[in-house]
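One structure below.
Letters A, B, C and D name the chains as they come in the text, with residue numbers starting at 1 for each one.
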Amino acid sequence: MTEKREIRIKVPLLARVEGEGALDLVISNNRIETLNLRIFEPPRLFEKLLEGREYQEVPDIVARICGICPVAYQMSAVNALEQIFNVQPDPWVHAMRRVFYCGEWIQSHALHIHLLAAPDFLGFNSAPEMAGAYPDEVRRGLKLQSLGNDLIRLFGARSVHPVGARVGGFYRAPDQARVAELVSDLERALPDAAALISWVASLDLADEQQNFCSVSLRHDAEYPIMQSRLMSDHGLDLAIEDYEQKFTEFQVPHSTALHSSLDDRPYLVGPLARLNLNHELLPEATLSILRSTAIRFPSKNMFHSIVARAVEIHFAMLEAIRLLQHYSLPEAPYRDVKPRAGIGYGCTEAPRGLLWHKYETDSNGRIISARIVPPTSQNQARIEQDIAASLQNAGLDQAEAVLRLRAETVIRNYDPCISCATHFLRLKIDRH
Amino acid sequence: MSATKAKVAVHKFSSCDGCQLAFLNMGEDLLALFDQVDIIHFAEAGPLNREASVDISFVEGSLSTPEDIHRIKKIREKSRYVTTIGACATAGGLQALRNVAQQDDWIQSVYATPQYISSLDQVMPIHEQIAVDFELRGCPVNTRQITAVLRSLLNGVTPVNEQDKVCMECKRQHEVCAMVARGLPCMGPVTRAGCGALCPGVGRDCYGCYGSAENANTASLGGRFHLLRLNQNQVRHRFVSFNGADPVFASAGSMGTGKND
Amino acid sequence: MNTSAHCPAEAQIIAREQDSRTIVSLTVRLTDPAYANEFEFQPGQFNMLYLYGVGEIPISISSDPASSDTLTHTIRAVGRVSHGLARLEVGDRIGLRGPFGRGWPLQDARAKSVIVITGGLGCAPVVPVIDYVINRRSEYGRLIIMQGVKHSDDLIWRERYEAWGKHPDTQVLLAADMGGKQWNGVVGPVTELFDQAHLPTENSVAFLCGPEPMIRACVKRLTEEGLAPDRIWISMERNMQCALGQCGHCQYGDKFICKDGPVFSYAGIRHLFGVKGF
Amino acid sequence: MHSPLRNFLPRNNFSELLTALSDGGYRCLAPKVCDGAIVYKELPSQDTLSTGISIHQAPGSYRVEITDSARNFGWSNGPQGLKPLVFKSRETLWSVRRDTNGQMTFTESAAEPDPVAIIGVRSCDLAALALQDKHFLNNHNRDSHYQTRRASLFLVAVNCTHPSDTCFCASTGDGPTAQDGFDLLLDELDDGFVIRAGTEAGEKILETLPVDPVAPEQAEAISRQNQRARECQTRRLPSRNLEQALFENLEHPRWRTVAQRCLSCANCTSVCPTCFCYSEQDTGTLDFTRSEHVREWDSCFTQGHSYIHGLTIRADTKLRYRQWLTHKLGSWHSQYGRSGCVGCGRCISWCPVGIDITEEVTAIVSAET
């Protein structure tokens, strides 16, 4: 190495991510000088605007934090509020919430794989471009995405900001005939989901091992979606109520979203973390497809996230079928709720990872304060760490375009959701 | 129809991305869309070309920073036809609620280094800064609406402005009126149709996410809400939520403010 | 051949005339020859024209009923459908249903003087009337044609007016609220023309078509001059969806414009004429 | 008029009627409580009718109560009459395909005959159906969609014994007992039904039923309960042709005050069993080869109803409410030879702000202002 070289990579607007973010990267003499995943979307101050609202309004309001994962927001919120009001929803409600949530995983993961991530691994700039060359794969993906949307609609009437969930359960139980129809749609699409796993596993994913800490919910008997304990592969075992004791959020000057750390270190949430920690809870049907691929979990290859997503689609479809197969109308689709004063916590596995909520209400159930920690802000520090490692692995002497694409690919691999991340604040970057 | 495809852009401002999903959730019809038009800029779907001239721009989100204003003016210059989509773009969205609150106080309380903050005093719908050719309402807008607008524009005619009340759709679907049969404070009689009366369809009252309909009698409905035992605060929240800067709802919501019970 | 009342038949544009910046005359022929053959209409009747994928609107037939194998429609581009129709070219296809409504009472007018008062585009639905009378000049009394426009540039068919004016016992009077450079007609509302016309109020009928305020003013003048209400005929316009007397939109008090009209005698509608809200 | 009271069908034989109907090829729609109101729902073959439903209606309010009465029809009415069964709230009239040369092929869509028996039809709704027949099946035009569905109906009417507070069919002459328009008509007693036929089709079904003769006490009980049903109604329309009176009062101040309350929401016209307005539009997918032309219920309370380019004839609620009332109670007489109101009271109950048509019209046509 002889010459001194400085590369300044600025990606002013990241493509194929939800929301608007940028990347500033300065490599000087084969050293990364600056590496900022810059999230600049203006804040929407959601926690603040929840104050003074009635508890019934919360599921509809928090849904608006994110159009891709509104179900996650609604479920974390209703869990937290039910904790305050001390209501235990029926097993029926619990099961149907899981199905509702499965719909969101399927929809969000299918969208990410096909429209956002796959073009990177197949060498396209955009989904429309890729659709020209891979019409069958894209069609299959869109079909799966639609199935996810259909599942959300089953309970919520629409898939973006669904209107069916309430504290205590659902406003209305879905109609039996419609459920039966969807179950058979899901069954018919299972081979597609299986083929999807093989397809993504066969993509040319860089082989790159990294060290990171995976964090997810943990449930004894089921693959975690809602309300259980927190765990990590570094020995964490924590009640969600104690989240704030271990996890800290802090501000960095280059982002309008807070960064988050666990014991002062970055950590990973999301499908790869979930699979790393819970793969043995997957149904045998899913595991056997996974075994037929070359990929094994737990995995330290961040790019296996896309495989994890495909695996979770298959799981979520099986899970929805399992829970809907013997569907019958409940006596009541919700429990009546008596509001009271208190503090409650809700934590669920959004498609992108942990989504933690905390609310305080007064005796009428009005919100006194709210705190929401979304998955993407938790992953931010990890993403920056990953970009650095990945570029280092690739070799910092590579051409600028290569480095740039690599960095973008890494970012997209996390499926960052910037609307979620920036629900509350705005920073102006000071450049001196 | 002309031989060249229409050039389409989808832009985003302050929002949840939900309205763009009306495109991305089209299912297999998305492929028909890619066939019918050239997507020039649509960050989430990949193509990036913010500066290019296009035939139709769809704009999601509200304006909340000085840069936003600069950018939307550029978009106007470069677009033959601008359609705003969703409650944020047409009526400020939920985030416009901060217009009525003490913003400084809000910002102090949510973050550590407030001196970094720079944003507009008011969250604005797009039409406050540029001339908008067509507004599509809803939080979020749906694929049916987007398809109807695209069909009209590609046919060279103005899209239909749906402005009837949610009650019309509710009744066409034979939902039992939630307000009359169960005393729920439904916003349907003042809210713009377009969603397909989803909320009455799942057995709940409409909460007004499509904004105000034409000739909306908010005073009469507000009075009815009081008779249904809603307090002043609750009535205000019914009107001022998802379309924070909708003038009809905003003024209905400010009626009787001060009495915070 | 198309049998349904709701469902249009296909027609092809065989001639297109750009009458002014916003006004286009489309002459169409029904593509089913059998249907084209049996199509007959009366002056004053209208068709529902359908623009593919967009919608239907009522448009009067402005051509001669005698040659009904082709049908001319003079369309002012004002909104959604009309703008789209006005952009079509020769060879393009549209949907067509019709004819609908009751036309002008030409039988009743026989041997009487005929006063035609139109405003804006209003003359289109009366053109077949004028042609009809001129072709049977001896069977009618005087023919007085008065046309008003907002701006003289809006006046279409100047040559036609000139030609009509050359027929015996035929008077053509033109007025524009605002006159342009080469305007030698009257400047002012169409009622200004009344003094020049020396209207025959005995044994005459008046046919009126155009914007309602203008019609109201003319009806007032005509009745003041002594024309009986049942001798004054007005073509009305209301929102129209089906043209079959079903959709309810064109109701005008106890009337349905589409089937009881669009042409009404003033005597039949005077209780509502000009009443706000009807 | 119709056959005398001869045949008694004991309650536990009622299922025989259902069987006879389904053997006759009809789907049966029967009253069920759904979301807090009576609606006609398909009755699965082995199912029984609901019992003990009681309905309380008041301006802007409708409540269901379940009592321990064994009766099946001791209620007034639900939010919809027969209208949705014959005049669909949304249907495709025709569709069109366009090929690459721009050539168009129009295809009319036809309604499928779907024989359906409706159990528990009220006399007000029979009257309304007769009015809709006049509108959709007149000499000027016969609506084939309406006609097909209309011909598929088998109407099992039940005389109304429990009018609600909002009912005023006695004053319009359309109830509470049915005069004609039914295939079968029932009078409900505690232990069963007196049943008679109004058409040949009804007669055929009746012949197959295991009926008993009617006892004189039963006939008496029926005439008593029918009279009670008539007399318990407190609301009424002014008892004359209101056309002239309404059109003479177009500037009455009451129009303004009612407009302050009216939401212009069209709930009244949507539940009205005689309202017939609809609008048409084109819909379709993004792929431009096909388009569908649909009609759907519209209302004189919408802006689009009276829109002509550049002008809305009835821009405000005062004019829209006035259009509704002057048409329904006024010009309907000229158009169809009778008032457009059958006294079902739905527009009173289902108006979210409880506007009462009888109160409004009385105020408007009464001498003092």
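Note that a contact is a pair of C-beta atoms (placed from the backbone, for glycine too) under 8 Å apart; a residue touches a chain by one contact, two chains touch by 3 or more.
For clarity, every value in this text was computed on a predicted model and none was experimentally measured.
**Student:** Name the chain whose C-alpha centroid is most distant from the C-alpha centroid of subunit B.
**Tutor:** Result for the farthest chain: C.
**Student:** Roughly how many whole angstrom separate the Cα centroids of subunit A and subunit D?
**Tutor:** 51
**Student:** Can you give the whole-Å distance between the Cα centres of subunit A and subunit B?
**Tutor:** Those two chain centres are 25 Å apart.
**Student:** Counting only Cα atoms for the centres, state how far subunit B is from subunit D in Å.
**Tutor:** Going by mean C-alpha positions, subunit B sits 37 Å from subunit D.
**Student:** Any idea how many Å lie between the Cα centroids of subunit C and subunit D?
**Tutor:** 40
**Student:** Hunt down the residues of subunit B that sit against at least two other chains at once, touch-wise.
**Tutor:** 26, 151, 155, 160, 203
**Student:** Among the residues of subunit D, pick out those that touch two or more other chains and give their numbers.
**Tutor:** In subunit D, 281, 284, 288, 298, 304 touch at least two other chains.
**Student:** Please set out, as single numbers or ranges, the residues of subunit A touching at least two other chains.
**Tutor:** none
**Student:** Looking at the whole structure, which two-chain pairs count as touching?
**Tutor:** Here the touching chain pairs work out to A-B, B-C, B-D, C-D.
**Student:** Using the touch definition from the top, list the residues of subunit B that touch subunit C in their complex.
**Tutor:** 151-152, 155-158, 160
**Student:** State the interface residues of subunit C toward subunit B in the complex, per the touch definition above.
**Tutor:** Within the complex, subunit C touches subunit B at residues 51-54, 79-81, 83-84, 87.
**Student:** With touch defined as at the start, can you tell me which subunit B residues reach subunit A in the complex?
**Tutor:** My answer: residues 12, 14-22, 24-28, 30-31, 34, 39, 43-48, 50, 64-65, 68, 93-95, 97-98, 101, 106-107, 109-113, 116-119, 139-140, 142, 195, 198-199, 201-204, 207, 209, 233-234, 237, 241-242.
**Student:** Over in the complex, which subunit A residues touch subunit B? Could you list them?
**Tutor:** Interface residues on the subunit A side: 13-20, 41-49, 52-54, 57, 60-61, 64-68, 70, 107, 111, 115-116, 119, 124-129, 131, 135, 138-139, 142-143, 145-146, 149, 156-161, 163-164, 166, 170-172, 250-251, 253, 258, 419, 424-430.
**Student:** Quick check: in the complex, which residue numbers of subunit B touch subunit D?
**Tutor:** Answer in residue numbers: 1, 26, 29, 32-33, 35-36, 147-148, 150-151, 154-155, 160, 163-165, 167-168, 171-183, 186, 188-190, 203, 214-217, 219-221, 223-224.
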